[in-house]
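Below is one structure, written out as structure tokens; the observations come after it.
Just so it is clear, A, B, C, D, E and F label the chains in written order, and each chain counts residues from 1 on its own.
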């Protein structure tokens, strides 16, 4: 199992290529079987990776057997393993949902889906800043495909905004990389961290500028205020299964911020220590408030859910910016929760939209909702969870976060988090009552399309994750505690990385 | 020389940004192209470019940075060029589709003067 | 045992929910099992509880957060559980008969059991966080119950209003609990949310600087839940719920949750002036306001709702007074209120059920039509009024006594006493109104049906409760005494104070007050009778309007704001991004720009030819900007920019870059030209000169800033690991072209991702255009143009280009070239073929499946990287093989070649997939356009 | 001596490129601009060869070869566009 | 069979020469590679071409190339004078050259030759492929030009591409 | 010997650069497209050709033997320049209002057509 760290990238990539080969000759059924084989393999690999990391703390995989600072290094810590597993878990119901029919209507769906997973995992696993950029791009381009394959009209328009915005952000990413490499002379994040720590003062200005641009990029991908304008439409227009998968995309930006600004610009970074958090805490809070407003004002359920994604991103910004291990740990618990639940809501919105006789998920129209009991129940569970109401995972995450707020910030951070919860309650109760309740008591004569079993199961699986996270909150929190503590221990990374010697090559002098 | 490179980057970036902020898809694509030139030059510049020292090793010349320029930024730029190309291709096609589906080449998919809001829906 | 008690309602709720085909009766029985079994369990526990011991069960849930699944039962919890289950049982019975055929019993009982479970959980929670959990669950389940008749707008609104207000309170309560936890945690205590810890450390909490905040937040939770002024308005609107729900929620459970918590935390929070003034002040206000408004309601349930508000104010006031006896009175009144109010709601429901209206203006003289019900309702009303020999009298008497004995605060004593008297008067008045307007006088008017007695089983719950009112009222010490005693002990934690439960205390001031209020109340009622209709107009719920206005304003604001800000404008998005970029990169530079630029090393000299290139670049770039509106021109000009950039790469020692840039440029231009046919030829002129100026400004600023950064970077000394790359490239990676070695070996993983991006981009292009039909901007007349000469001349080019491509590929490791460049060199001549011969002709003979090519290329790249696993080495570890072949001699083969082959194939196939897809877009016919 | 000639040659070719760029920007018709771009490409080959001579290296041979072999692609595509609008028919 | 295995001998030869030129040294491995490519490349190209040029007598070919090189030098000097001189003296015009060549490969070759010789650019081939439109930078006697082209270039090309 | 070579190289360079420059001059100086189109022909034939020969000789005397790789560049240039010129001319012709009349359709089949000043219309949108 020496090669475990690279498998979460290779497995989906190979299956993506295989599916592309197969789609030339085989029917949808065969494709689905292979897609599931790939999916299950990835899930198994992700679980094994998490277990191994839990045993060994930090896995360093020297690609090409080059010493860490020369080549590209995969660096798997608890955070990475958590993100990889979250992605795999999320992908299962998404694939399930897509296999209910969308996969036949979107050209290259299966290949793109696997590639998207490969990109995400690559971003989570790499220890190299430029390689992070590359996998960002893999992930993004696959997401363009998933968003736009089979698209028409409004979705194409949303795609335009999404794509151009992300390309512009990528340009800034490259600028930042150029500056940072120019000043630090390496791209390995850990090595960069070590060099930043001892950078002479006359060089810090440029490094700081590079770090600032990098922050811009990650914030743009994570949809932080005011860089979130692309998100609502893109997420609301994406095919349901894709929108659900996208819920993890903003989290990649957050992941990157957490990674870069704890490792490279963390406590040990001298004059550049903790440069990001002072910016992020207030903007994160503002994002939360604005997103909550968005939830309230949403004309469509899916727009509302998109704002919920935004809200969770804002909450995570707050959590990570607080900078203490407990808050980061709370954030790391909250992250998969919000991914799963908002994904469930996206899928539900699609199911609901199809059962409202052509009115979709627009909230203004009064439309008879056929077969509403199960969707309504699922909506209720998801809404309770995402609003942070007890007893579900959202509550536990927020609870932990509230507890972790330092005294100095307690007042306003609590106000923001609790206030946004209230606004979400207001918004979602309106959404729910409009969708499920505001109809005639007498059922219509129109025969209702049956709920597709795969789709409902997908939602159930996602909500099941949330419930499992509630029940097993304690072990999960213990894991995230360890992950947070690990993140803050920068010397640990530097030492491990420098001590990891190539197998046959000479180590760096 | 550094001044020339820096100003070239500046001009490319400024022009790119200006075009990026235009309202038409094609202008935006042009802007992105110029911006990616600026970006590539900046990454390239991070290797402290010199004239006439390509990083192709020759016998009898010590393999040090005194005799060869920094290969790493060049490799990075290569990757960046390719990725920028891929992105351009996708953007171009989206622009085509947007124009076909929505009958406008405005980046927002609708002409600003005849805004057709989806009334209440 | 406690777990069992708590699990009962949830398990059976699930059972009811899942019993899809069960009859109404089965559902009701399943629901009824909960109170039956639950009370049995309580009975088993009664011995211990009455002995004063505290039962406790604890499971770890989220110990990290201090949230444990702790169940704890003392007298207070036991009594409340009894209340919840007992009244719950009666409500189930009543509800079974109340629901109409259209109402789904399954839904109703599921919600009801959920709510019951939430209440039970809150009551027996031994951990404050767990209490908050159940607290919010009661809000959620009550939301479902209130909105049960979801097709009615008032039901939906009432439900949302209740959820919003109580939800807000719940969040505040959570904040308060967390603050309490923080206070105790700061004091070094463990398990800070454990109820025992909290109750035992009241002094610590009260002395903390955070106490006012904690108290305020907890009280916000309590006041919203218990409908205290000014949050009381949700309760009348919750009357849109089916009557069993009202009877349950608003007599014994939901609204009592607030006062329960007041009692529960009394030892921890009470005892300060702040507590005294705030709680009793709010309680007194609510007491009066509720009672006053109750008089003017025409809806039976509306009257009962305001009366409930008033009585909850009374209870709150009692807890605010904080003396032990006041607490006793408060607890006593909780029980009494539950009994008479539940029965009154049920009675109101019966009347509604039988008469089809609850409007007292249309009702009257019902004692003739439903005598039994009338008697029961009258008994309960009199209990509500506080008439002697009924339970309400006893606790009211205790209240008067306490009001008169407030120590230390003379003014407060006077104010509260007057308030008590007034409230008594109002209480008599509205109770009288309830009795008189419904059962006596003239009427009923304009009913569609002739009222008659309800089914027996619907009346029995009312009867049971009315009987309780009488029994307790007559024999308090015997019946309620022990219960109250253990309840008080549970609340105060100490031995209960001496209190006397007797009907007759002699003629004293409280009795005088009772008499006075009776007299004045009757006078008030009859005095006001003629004014009632008038008042009906005046006394509309202000709170509701305020809430409604606020909520609607919030929705409107949110909608407008969101639509205005996130209006989908890409330009705004990009502008903001650049602005933020300026800010983030500029702030560290601010004030340091000059120091950044001076004192650096000496720049390298640039010969004139360098400046010529510079001038070419700048001129072409600015030219692009100037002509950007004319697209064909802009494309040609930008082609020149690309050429100059590659010249610069050559000049600055980067031949590989130059090659790549050149080839990519060619393909890009082809791509753009293909797209241009489906886009307008010219940009529409923008009519926003100011925006143009703004954009020029910000672009200049950003460009200038970047130039400064770039200059400063180039001028500062480099400190890079690249020297090691140069040293190790040849001996360890077997290549002289270090750029290529970096691409396929040192940083092969980047290239791996890069070709994935490239291949996927081709897939995306294909996916977007394969099924699309596009309308060309302009169609030239005539058949496809023949270019025989050009086509013929390229005949020789193709094999030569292919040869060069193979050369570049094989030599790439040692000279400029490599898989990517070679792939493009192969692809571009094919593109020329496409252009000159047409897609059909090419694809008919060429016969490459580009999609498959991408897949195979990617797999090849993986194989090239995975090969090293055979030797137990990491992914992409390069090997080296010196093939000693006869004839040929040494053939050096680096394993990276396999990987590079993958690159080659992906690039070739990807490029051609893009180009051929774009070139063979199907045109939209004029006919299709019309539809 | 040769070096001086080479450098002088580079300047001449550079001048030629500036001229071509002038035509490129000036137009007036699309074929004029295409022609100017084509001229730029050819001048670039000359420039590359001269540069290779100046530094006495063959490292720039590939770039010159590629321009010579494929530099006409832009011309072909652009001209085809002017002729037919549809580049691939 | 031969056509399938070796679709075009001239192409094979060119590729062979090309590889050796690029590879810089004539080692055994390079020759082997060149042979391999000389066989493979035309096969590859055959997937894109409907037919390859068949060559007739090649003897005239070398002479033609030599003549062309000389003409290029001379014409360059002439044209240089014309360009640097006053533009008003230029007498530019289009000339239709009637073709005797019928082989399309021959026509292409002629087009190339005309274009490569400074002062003339072949602009268009008529649809019936019987006339070639040529633009002259400056000529006083178009008829002489037509005859010159036909004699100097078209005649030898007709031998090569029968 | 080497001086002779040097002189030859310098001569070739001067000639090559001169003709390359001439291509540029033609770009600027001449007044219509069909005159300017003759420019690159000079640059790509004699201009680049001379410089290439100079380069071959230069590397020959400076380095290790004859590597006439530059011939390949010439071959490609000679192969592709006519294609470019042909297509550009076609493009320009397609924009002309009055195209040279086709010989079949004019009474005098071999008559030449003198083009007018600036025959190509301005680029239209």
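Note that in this section a residue touches a chain if its C-beta (ideal position, glycine included) is under 8 Å from a C-beta of that chain, and two chains touch if they have at least 3 such contacts.
Worth saying up front: this structure is predicted, and the values here are computed from it rather than measured.
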Labels of chains that are neighbours to chain C and to chain E: F
Farthest chain relative to chain F (centres taken as mean CA coordinates): C
Longest centre-to-centre distance from chain D, chain (CA-based): C
Intercentroid distance (Cα basis), chain E paired with chain B, Å: 40
Chain centre separation in whole Å, for chain F relative to chain A (CA means): 57
Chain A and chain D, separation of their C-alpha mean positions in angstrom: 48
Distance between the centres, which are taken as Cα means, of chain E and chain D, whole angstrom: 22
Residues of chain C engaged with two or more neighbouring chains: 568-570, 574, 632-633, 651, 655, 676, 706, 713-714, 718, 720-722, 725, 746-747, 750, 754, 757, 760-761, 764, 768, 787, 789-790, 793, 796-797, 800, 804, 815-816, 918
Residues of chain F touching at least two other chains: 18, 25, 37, 39, 67, 69, 72, 76, 79-83, 86-87, 89-90, 92, 123
Touching two or more other chains - residue numbers and ranges from chain B: 20, 25, 28, 40, 42, 44-48, 52, 54, 56, 72, 76, 79, 83, 86-87, 90, 94-95, 97, 107-109
Touch relationships between chains, expressed as pairs: A-B, A-C, B-C, B-D, C-D, C-E, C-F, D-F, E-F
Of chain C, residues touching chain B in the complex: 568-571, 574-575, 578, 603-606, 610-611, 614, 617-618, 621-622, 624-625, 628-629, 631, 634, 638, 641-642, 645, 648-649, 651-657, 660-661, 664, 667-668, 671-672, 675-676, 678-680, 683-684, 686, 695-696, 698-700, 702-704, 706-708, 710-711, 713-715, 718, 720-723, 725-727, 729-730, 736-739, 741-743, 746-747, 750-751, 754, 757-758, 760-762, 764-765, 768-769, 772-775, 814-816, 820, 914, 918, 921, 924
Touching residues on chain D, where the partner in the complex is chain B: 54-55, 57, 59
Partner chain F, residues of chain D touching it in the complex: 1-2, 5-6, 8-9, 12-13, 15-20, 22-23, 27-32, 34-36, 38-39, 42-43, 45-46, 49-50, 52-53, 56, 58, 61, 64-65, 68-69, 71-72, 75-76, 78-80, 82-83
Complex contact set, residues of chain D against chain C: 7, 10-11, 14-15, 17-18, 21, 24-25, 27, 30, 33-34, 36-37, 40-41, 44, 47-48, 51, 59-60, 62-63, 65-67, 69-71, 73-74, 76-78, 80-89
Footprint of chain E on chain F - complex, ascending: 18-19, 22, 25-26, 29-32, 34-35, 37-39, 41-42, 45-46, 49, 67-69, 71-72, 78-79, 81-82, 85-86, 89-90, 92-93, 100, 102-104, 109-110, 112-115
